[in-house]
Amino acid sequence: MFDFPPPQIFLQLSLNGALGGAMYGVAAVGLSLIFGTMRLIFLAQGAMIILAAYFVRALFQSFGIDPFLSLVIVVPVGLAAGWLIYQGLFRKAAVEEDRNISLLIAVGLMFLAENLMTVIWGGNTAGVVTSYTASGIHILGIRTSFTRTMGFLIALAGTGLVMLFLRKTLVGKAVRAASEDITAASLMGISPHRVNAIAFAVGIALAGAAGVAVATTFPFNPFAGFIFSLKALVALALGGIGSVAGALAGGIILGLIEAYVQFFVGGSWTNAVAYGVFLAVLMFKPEGLFGRPYKKA
Amino acid sequence: ADGEIVVGAPISLTGPLAGDGKEQEWAYQQAVADINKAGGIEIGGKKLPVKLVVADDESSESKVAAALENLIKVQKVDILLSTHSGPMNIAGAIVAEKYKKFYMITTCFPFEWQPLKLKYSALFFFHPGPGSEVPFEIWQKLPPEQRPKNPALVTEDSPDGKGFGAGFVAAAEKYGYKFAVNDPWAIGATDDSALITKLQAANVDAMLVFGSPADTITLIRQMKELGFSVPYFHGWKGTWTGEFHDALGADSDYVLTDGFWSESFPYKGAKELGERYDKEFKKDSVTVGAFYANAQVLFQAIERAGSTDADKVHDAIFNKEFKDTVVGDLKFDETGFALIPSVATQWWQGRHQLIYPNGDWTYKPAPAWDKR
Amino acid sequence: MTMRASMSIWAVIAAALALLPFWPGAIDSYAFSFLFFVFIYAILSQAWNLIAGFGGQISLGNHAFFGLGAYATAILWSGNYLWGSLYESHPRIYYFDPVTMAIAGLVAALAAALVGWPLLSKLRGDYFALGTLGFGEIVKVLFVNGGDFTGGAFGIVAPSSTFDTLLPHYWTGLGLTVAVIIAIGLLMRSRYGLALIAVRDDEMAASANGIDTLKVKIAAFAGSAFISGVAGSLYTYYIFHVGPDSVFDLDWMLLPLMMTVVGGTGTLMGPVVGAFVMYAVFDLARIVVPDYHPVVSGLAIILAMLFLPKGLARIGFGLPGLVRRG
Amino acid sequence: MANRLLEVSDLEVAYGDVRALWGVSIHVEAGSVVAIVGANGAGKTTLLRAISGLLPVRRGTIALGGASLAGPAPEAIARMGIAHVPEGRGLFRQMTVLENLELGAFQPKARANMRQALDKAYALFPRLKERAGQKAGSLSGGEQQMLAIARATMSDPKLLILDEPSIGLSPLVVQQMFSLIETLHRQGVTILLVEQNIHQALKIADYAFVLKTGEIAMQGTGAELIADPEIQKAYMGVLEL
Amino acid sequence: MQQSETILSLESIQMRFGGLVVLDGIDLAVARAELVGLIGPNGAGKSTLFNVMTAIYAPTRGKVRFLGRDVTGVAPHKICRLGIARTFQLVRTFLTMTARENVMVGAVYGAGSRAGNAAQAADEALDLVGLSARRDMPTRHMTLSDRRLLEIARGVASQPALLLLDEPMAGLNPTEIRQMVDVIRRTRQERGIAILWVEHKVDAIMKVCDRVVVLDHGVKIADATPAEVVANRKVIEAYLGEPAA
């Protein structure tokens, strides 16, 4: 159809792909925390992101609060909501050996959230229009989206903070410890439930941050979240479960794959290739691109 | 049932299509209220009131069947009105066929439905054949320098998208155009930058886009972010709703859109129905008329057949004409299909301006983003 | 309760269900099609239970096998590839053509073996769950892009003009449910069942004791896929239309998973009881609160998990067949 | 009753319907080493788990310095000053040796002294310092046991509970371990010890209880019990082969 | 009985994890029906050596020969079917099964799987370790020492030529140790099974074994009769310590 594209196009694909992928990344970081501590595939993460987006929209429409500014409200509310969700829904299931129970509660929560949103806000597409909606900026001589760049920065900041928290703070280490052996952790004076609740709170707060990015960038509807959950899971596995930075990197890699496949192969194959790469990585490096293997008898 | 006619309808009350489903439910309710106000449907010299029973299809193809089982077996309905998307209506029509209940359909592409040769359902809608010729007809009337040189086709990866896409390709050939880019589009794609880069690289100057509102809005926003604009942007399905304008504001200007109903149609009851909707929801709708007409046809057919028996209703619709619905006069052919004309409007300051057929609005090509 | 006693209770229930159509009015009642769906879900739940409950490998891709079975049936049935002549000369007997149903199961089983081989040899636990989830999505995209062979995004409509009663669907569904229960029951009593439980309990110890763990897991995965594929076949005979969005819907995996957990994972009758109870709850919600039923269903799932985490197996202690194996 | 740190009386614990302890009473004086000995399945682990809150108490009382331990969650009990090295070690296998040790000092009270505690632990087990950055799960069996004990000392507990600390240790390390217990004892740590290495355990114990099928069969000072012919016959027979 | 026929031989086995060399040039031979002790300080590499022999790890260098065949890197279940059974340092029984079902796994799938009556083999093995009375007890409810015995029974039921025991006495009291010693001896005498036995209960090892191999830091530092090993300076320094008073 046309000749081999000039290098400019590769730059453009890479930059925009990476920015788009960071959205999956930030969702994946939240999942990674919840997955890491509770071994829970939290399928409702996407629905939580959309819920946050509706919340951002309500703040904007009713009180005129700028969506990016609303981070200072959304993140604390996300923390509180995550805490409550854990205490109310997952606390009991967390001690059960059968992890399908938590998985199903997450599914139930997803059904509930999606349909409550439909009841409250209707099922149609909703959007937030601000002065900077759909405005572009130049980075490295390439034109790209302002809101996506902001989303990328949010993802970067969120991931960085979570990493510092897990690696450097004792409470963060306690989160990882409890994720491994809840009984042993309790013998250290670590309250397992408090730790899980922290992980959940941070995870949902990240969903809130992602919700800000989504609300400013995309139109959305109550059911738009599931695809985010799926893509975030792919990103998570690409990066390596338990590796927070890996989750973000996984998201960015996924974004790049999608951009390149869309350009060179065609839009209808992006998902197949993305999942194919995901399977291949799982197969040849099950611990993810950034995880480290170990096994002991 | 005795003393009344029970009409069942699977409707997307929940799930991703619930927004459209609510409009459909509203339109059916209006039609039923109106006929009951007129005393009901006359059968054998007696006027019987109509009762509407709905069941949720959960916006899912795989749940339509269960919804219909429920309507037919539990609610014991006499006859059926359709839900509102192509694939769901195929699934619904097949169940109706199994249980020999007449299923009156709107919104499903004839190319999906006709090959099934169903006996107990009828459909009125636009055909992608003539429907997809609309943009070319519009171009034909443009001054030569405004006609696109490098048009592109972007269609979503769904039965409707593929079917309509095939129609566009055929029409392009007929009118002597060639698509510089013809890309299928994954539903729910969040990042279209690669697609836009591709369109840009191919110097595209016109786009025909078939996709959901969310996907189309995302595409246009990202086109603006990346500074890419085409003079002629024509959308199907995603561009006609009020949400489209709400989510884009002034950026929706210049976009052309299809539609299968407009309250400004010169048909009996159209304006009145539009006003009623406006009064209740404070916005306009481009769908309720079609749904309302669907019920109008069915009620008339029952009256003509003097029964809700599927075979008799079949005979009353196939090869027959219906006058003065809110979508105008409908003439059903021997397959039970009636064609309605396609419409094209251009968004201008939040309103649909009728371009095709024979509207009085002149097409405005879109300038570059920074020149608007 | 002794084995024999519990067996006979279930046998009586099965016989009563088999005779139900002779009850006046039963065929036209909603309960009849309700039960048909319960059978489909019971079969799918059994399939999931085999790989996850007994095998310990959480599969989140079983909907793909259901869809593969459904498509295989639709392609064979509508495409006149093999039994077209049979269909033309006897327009009614193509229903539940056992050969087609078996092929549908085999297609799914083959797919499971092919993808299970790398997945199960390399992936453990959560990674296997994620891998199967990805597999399900890939299959769906492949069918959307499958061209004329799969009917693309629209799918395939089967010749449908001869349906006149749900009776054969009902009996086939019931028969398959019973057959699957018996087959799995016998299987778990055999040396293969011993190996499967061993692998679930401790894979390393199992292989150190001579069990080819990969083979055992692949066999369970393929068996689970076979059963799911047959269920997909049965569903196609009922619905007449397969499309990527309908037969590869995630619900075909999530609901059986939920039903199994509610009924009792790793028990023989738990999945069946779970399918019955949960489908009844969902259906009731659909009828009573049509506008809000997913909200109610979501709540029901959460409540069931909060208050019945071990499944009905625990409260229904006296309920035969519900005792956890091992 | 000079200075009773731990007082268990009439304790009953059950697994479902199966009772494992039948009215057990023990006491531990502050600053002493108390050993619990008994055959496999006698209920030693059960007793320790009940003390640290891992099992619910069915009847009877447990008190640490007057505060009841029957009720609070394990983490609350840990914060009251009990460090429990469980059977099976309970290491965080995916985390490094250093991180495991740090978590031993998770309680607010202990966090302040993390540095010194760490130095002390490394001094006792130099091997752990060498392996500080390695994942705990990849340590050898004996190394893991060292880590578990070291981690428990990190919080400077009032009562240190050890459930078969010598399991899987080479003779040299077993000797080290027992001398470590004596060192800790000398430093004033109160220790409740369950051991199969009965001779050694009784040798260092100030007081000991013999548990037999869920009941206390005998008690006395370590020296008394070592000398008891019945004990010698039942639990300490050398290998005559 | 060919007393001196070598059934297992390890040839300069090396095992490294990343940069860490855990086993370095280990040579070792075990004869039919021989009872060999394997001792060494914590972390010396004993369990790792077992993992190499049973193909849980593939050695980075060297060969494992068994009954004349090169079995290096052969799948673990095939190793078992060829006739090497093992126990684990941290007991690994099938927790949702009864004792007898556990042993049946070995009988049905092990080296004796083609040799006939599995049920009988299982019952005999349970009898050998003295667990017949508890055969229908779910493993979950068994004590540690019973589970250790059960692991041995499971191994014996697979009718191996060689049984690897990884610290079967850890956590047992003297009475139980005596019982275990008895089981080990009878396994060798009545079944003619060769045993390679890792243990820290040195007195038990020294009393019972024909030969004792000592590892330290991944290197073999002694391979001799118990009497010689006890007197070996290197062994005393690395492992035994000076005899306790």
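Going by the order they are written in, the chains are A, B, C, D and E; count residues from 1 in each one.
In this section, a contact is a pair of C-beta atoms (placed from the backbone, for glycine too) under 8 Å apart; a residue touches a chain by one contact, two chains touch by 3 or more.
For reference, the UniProt names are A, C = Branched-chain amino acid ABC transporter permease; D, E = ABC transporter ATP-binding protein.
Since the structure is predicted, the reported quantities are computational estimates derived from the model, not experimental observations.
Enquirer: Using the touch definition from the top, list the chains contacting both subunit B and subunit D.
Expert: The shared contacts of subunit B and subunit D, listed by label, come to A.
Enquirer: Show which chains lie in contact with subunit A and also with subunit E.
Expert: Under the touch definition, subunit A and subunit E have C, D as mutual neighbours.
Enquirer: What's the chain with its C-alpha centre farthest out from subunit C?
Expert: Chain centre farthest from subunit C's centre: D.
Enquirer: From the centre of subunit E, which other chain's Cα mean sits the farthest off?
Expert: B
Enquirer: Between chain pairs B-C and A-C, which one is joined by a greater number of C-beta pairs in contact?
Expert: A-C
Enquirer: Cα centroid separation between subunit C and subunit D, in whole Å?
Expert: Roughly 50 Å, centre to centre.
Enquirer: Compute the distance, rounded to whole Å, between the mean C-alpha positions of subunit C and subunit E.
Expert: A distance of 44 Å separates the two centres.
Enquirer: Hey, how far is the Cα centre of subunit A from the one of subunit B, in Å?
Expert: Here subunit A and subunit B have centroids separated by 35 Å.
Enquirer: For subunit E, give me the residues that contact two or more of the other chains.
Expert: Where subunit E meets two or more other chains at a single residue, that happens at 47, 56, 88-89.
Enquirer: Show the residues in subunit A shared as contacts by 2 or more other chains, in ascending order.
Expert: 115, 268, 271, 297
Enquirer: Give me the residues of subunit D that touch two or more other chains.
Expert: 138, in rising order.
Enquirer: Can you list the residues on subunit D that touch subunit E in the complex?
Expert: 18, 37, 39-41, 87-88, 127, 138-143, 145-146, 164, 167-175, 196, 198, 234-239, 241
Enquirer: Hey, which residues of subunit B end up touching subunit A in the complex?
Expert: 12, 14-22, 157, 180-181, 183-186, 188-195, 197-198, 201-202, 212-214, 217-218, 220-222, 224-227, 241, 243-244, 246-249, 251
Enquirer: Show me the residue ranges of subunit A that touch subunit D in the complex, using the header's touch definition.
Expert: Result: residues 170, 173-174, 176-177, 180-181, 183-192, 242, 294, 296 of subunit A touch subunit D.
Enquirer: Any idea which subunit E residues touch subunit D in the complex?
Expert: 17, 39-45, 47, 89-90, 141, 143-146, 167, 170-178, 181, 200, 202-204, 207-208, 239-241, 244
Enquirer: Which stretch or stretches of subunit E touch subunit C in the complex?
Expert: 54, 56, 75-77, 80-81, 85-86, 88, 92-97, 101, 104-106, 108-111, 113, 118, 138, 154-155, 158
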